[in-house]
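Each of the next two complexes has chain A plus one more chain, namely chain B in the first and chain C in the second.
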Partner chain A sequence: MSSVDVNVEHVARVEGHGNIIVNVKDGKIEELRLEIVESPRFFEAMVVGRRFDEAPHITSRICGICSVGHTLTSIKAVEAAMGIKPSKQTIKLRRLLTYGATMQSHILHEYFLAAPDFLGVGSVVPLAASHPDVVKRALWLKKLANDMCDLIGGRTVHPISAVINGFTRIPTVDELEGLKKKLIGSIPDLEATVELYKTLSIPDFNRETEYLALKSDVEYAFYDGDQIASSDGGLTPVVKYREKVCEKVAPHSTAKHCNSLRESLMVGALARVNINYKQLSPMAKKVAEELGLTVPCFNPYMNNVAQIVEAVHCAEESIDLIEEIISDGLKKEDRNFKVRGGKGIAACEVPRGTLYHEYEIDDKGIITGANLIIPTNQNVKNIEMDMMELVPTIIDRSKEQITLALEMLVRAYDPCISCSTHLLNVELR
Partner chain B sequence: MKPKIGVFGFTSCSGCQLQIVNLEDEILDLLGAVDIVYFKMAISEHTDDYSIAFVEGAITRESEIDDLKWIRERANKVVALGACACIGGIPYIKNFIGVDRARKAVYGEDAKYFDSIPTKPIDQVIKVDGYIRGCPINKNEFLRVTKSLLLGIKPPIQNYPVCVECKLNENVCVFDEGMTCLGPVTRAGCNSACPNVGNQCYGCRGLLDDANTTSEKDILAKHGLTVNDVLSKFRMYDGYAEVSK
Partner chain C sequence: MLSDDGIGLRVIDEILARNVAGVKAIKGFSIGIDLLFEARKYERILVVDAMRAGLEPGDFRLLSEDDITAKQLKWFSTHDISLPDAIELKKSLGIGAKIYVLGIQVKRVEVGENISDELLARIPEYVDLIVKLDF
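The block that comes next holds the complex of A and B.
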């Protein structure tokens, strides 16, 4: 087939609303777009004129799945603006919360959104009938990660207790011991997840791009990291993020597009593994090896494998971190601070990549400006460029196979469309 | 035959849809009691043959009005899912800025490409049969309401403030902890989720039917909030209530 017309309205099993448009005539791509048709959301305008401490609560509502990431990045940015230095205990609890949120999101994506493609079913519903053990394991692992967020953050969707300069509730030693036990108990299930992914065949498609991820001396960067590292070389301080990640409006997309040194860039689990492989936990490195993920890896479909590697990393690191937190001793802390004006910029590695929040705050604590850069925005252009290179190599296949390959590519990035539209349209018919 | 349900998302964060997926202990039982025939966030297969529609999100675009009406024509029961669908929620903040100003602030000169209308809760566009409130919805409340719908009985409606639940949970009053709180005027049903973990009530379940907002504003002012702070607080979730009075 040298001509094909693919038009997937509202790609399923991704968060939010996106369309794939590909039109090839006589072997030539005439049209190719990933349309983001989610309604504009306007968060950057909605926080202006509000008190600084409302920003984490409001920006959490950018996305239910990434709500922990938005809350923490927003808190970090406000703290940076006001010169607040949170305690070591707070930072460790935030790291733990981030591990829980990352694990929750990756398990949800790998089992419920991505795995049905590899297992040849349309969704988790038939999977529950054909592979009940797989689904029960997935539900158990997801519940564990959600319990972790409930314990540390007060709630998994839109956390409650993570606030500026601390937590409104500190977990007890017993609760943390209980969580640690459950995490240790999850290792056989994580191993079974790895065994499952060993049997799945990941499409072989490679296109090198620029990979970006935060870098930290303390950890494989999730919560920490004040430098942006590029696979093309160089480090950029997070405060100079605008020099590294350039945002542009594309008329067919309510998500702005981003680029850096090349025409497009990639963030997320694969970018992080490519950049910070050395800092992965021992078990995560072993899993990467078993699943054939060697760095650098240029296959975007391998982002699925990178997420499994990271889920294992998060579980293992959480066990160590809980021990550390318990041995440090937990205490209720004074969260008071002085409100002052300033400009604050912060970034975190959230499940889908690097998230930036920037606020300008006046002396009374009122927000006068905000800029947010979302991981999916950074990836949209890269997905289009992947599709551009992939389509000619699969053009001989049936239209259904081409469509599935493209949908799987989009899903591999685990796009979060609510987040990426700065600010919804439903194609129902 | 099992009842068929559809789950739809308009302008929102998808967090309430995620709360359904987060029913890890109950989801297999739920799938035993109903057929989910439309749930794009989680399931590829879909049909438009559903009797109960759960609708998340506020309406912020012309095209969403037509899509919502289309859902209403097909469903016997429509249930609003979460603060955005029930009361406009966080997306309603935009209305106090003005659509054009918000659009220009975010998309600059390219604002013309991005269609947006003043935010509406879904019952301003279609008839709604039930409300599951909160930001996000409470998973157990979703189950209670779904069970009630399947049994054909009316789900319980809480017309008392969050303070009632907060007292039952023996929490120290948020005001006594040096914070301010919308609990006294906010509809209960969340089991005082936020004060339970040391935070304040932000009012995400919407105002009580007979909320004494004047007295609440006085209390907030006594606790040091400026007029602007008080307005902002009410306009985080309850902006629509203010203009629809």
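The block that comes next holds the complex of A and C.
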């Protein structure tokens, strides 16, 4: 087939609304774009004029799946603006919360949104009949990760106990011991997940791009990392993120496009594994090897495998971290701090990539300016460029096969396009 | 933060304030996979949400599982798997709880914290309906 028109309105099984438009005539791509059609969210404008302590609650509403990441990044940015240094206990609990949030997002994405493609079904529903154990395992792992977020953050969606300079509720030793036991119990299910992924056929497509991820001296960076590392070399302090990540408005997209040294860049699990592979936990490294993920990897479909690797990493690291927290002893802490004006920039690695929050706050604690760069914004251009290179290599396939390959490519990035509302559009007959 | 999109939360706040026996009101989770975890614990679940269905602002419809999974309806998956898929999955897994949706017609969903007066005025009516529902 040398000519094909692919027009996927509202790509299924991604968070939010995006369209794929690909028109090929006589082997030449005439039109190709990933349209992000979500209404602009205006969160950067929304927090201006609000109190500093409202920012984490407001920005957590950007998305239900990513709300832990937004909450923590927002808190860090406010703390940076006011010169607040949270305690070691607070940081450890935030790291634990981040592990839980990463696990719940990756499990949700891999099992319920991505895996149906690889198992030849249109959604997870048929899997309940054909692969009931797979679905039950997925639900159990998601529930465990939710329980982790509920325990540490007060709630999985829009966490409420993580606040500026601490937590409003500290888990008890018994609760953490219980969580640790469940995490240890989850290892066979994670191993079964790896065995499942060994049977899946990941499309073979490679396009080199620039990968960006936070870098930490002490760990595989999720909650913290004060440098932005590039696969093209170099480290940029997070506070200079605007020099590293350039945002541009794209006419066909309500999400901005980003690039750095090249025309596009990629963030997310594959970028993190490419850059911080050596800091993965022992079990995660073994899983990467078993699933054929060697670095550098330029296959965007392997972002799916990278998420499984990270889910295992988070489980293993959480067990060790809980032991550390219990050994340190848990204590109620003084969360008081002096409100003062300043500019604060912070970044976290959230499930889909590097998230940046920047606030300017006046002496009364009112936010006067804000800038957010969302991971998926950083990936949108890269997805388009992947599609541009992929389409000619599969142009001889049927329209249905080409459409599926493009949808799977978009889904592999696990984009969080973010809903403008969770309004239900219902046609009553 | 999107005007009438928040009506569900306001209704839940009112139910929480009333502390109705036999009714557990929950805020803050997405109606996909996570709904299945709640469905394991209860006999009936009612999701209260904003809806755009061509009705007069403030009017509402109580949707059953059959309504929700009907092919004619358009459901956008926003946070994870769609509600119809969650219901089908629930049935396949043998989880018995029945899921209903109370959809309240919005007037506007632009950026803003205020709910339209037409909806605000009927919150007591929505709450009474929910509390007295025998389904």
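FYI, the second predicted complex is superposed on the first by the 418 of 429 C-alpha atoms of A that agree within 3 Å, B and C clash if a C-alpha of one lies under 4 Å from a C-alpha of the other, contacts with A are read in each partner's own complex, and residues count from 1 in each chain.
As a working rule, contacts are C-beta pairs under 8 Å (C-beta built on N, C-alpha and C of every residue); 3 or more make two chains touch, one makes a residue touch a chain.
Quick caveat: nothing in here was measured; it's all calculated off a predicted structure.
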item	value
First, second, both or neither for A:304, with chain B first and chain C second	neither
Partner chain in contact with A:71 - chain B first, chain C second, else both or neither	neither
Most chain A residues touched (candidates chain B, chain C)	B
First, second, both or neither for A:163, with chain B first and chain C second	first
Partner chain in contact with A:50 - chain B first, chain C second, else both or neither	first
First (chain B), second (chain C), both or neither touched by A:140	first
Where chain A meets both chain C and chain B, residue numbers	10, 12-13, 15-17, 42, 46, 58, 61, 63-65, 108, 112-113, 123-125, 128, 135-136, 139, 142-143, 146, 155-158, 422-426, 428-429
Contact set on chain B toward chain A in their complex	8-19, 21-22, 24-25, 27-28, 31, 36, 40-46, 48, 57, 60-61, 63-64, 67, 70-71, 89-91, 93-94, 97, 101-103, 105-108, 110, 113-116, 135-136, 193-194, 196-199, 202, 229, 232, 236
Contact set on chain A toward chain B in their complex	10, 12-17, 39-42, 44-46, 48-51, 54, 57-58, 61-65, 67, 108, 112-113, 116, 122-125, 128, 135-136, 139-140, 142-143, 146, 154-158, 160-161, 163, 167-169, 249, 251, 254, 418, 422-426, 428-429
Chain C-facing residues of chain A, complex	10, 12-13, 15-17, 42, 46, 58, 61, 63-65, 108, 112-113, 123-125, 128-129, 132, 135-136, 139, 142-143, 146, 155-158, 419-429
Residue ranges of chain C in contact with chain A within the complex	1-2, 5, 28-34, 36-37, 49-55, 61, 63, 72-81, 85, 88-89, 92-93, 101, 103, 106, 109, 111
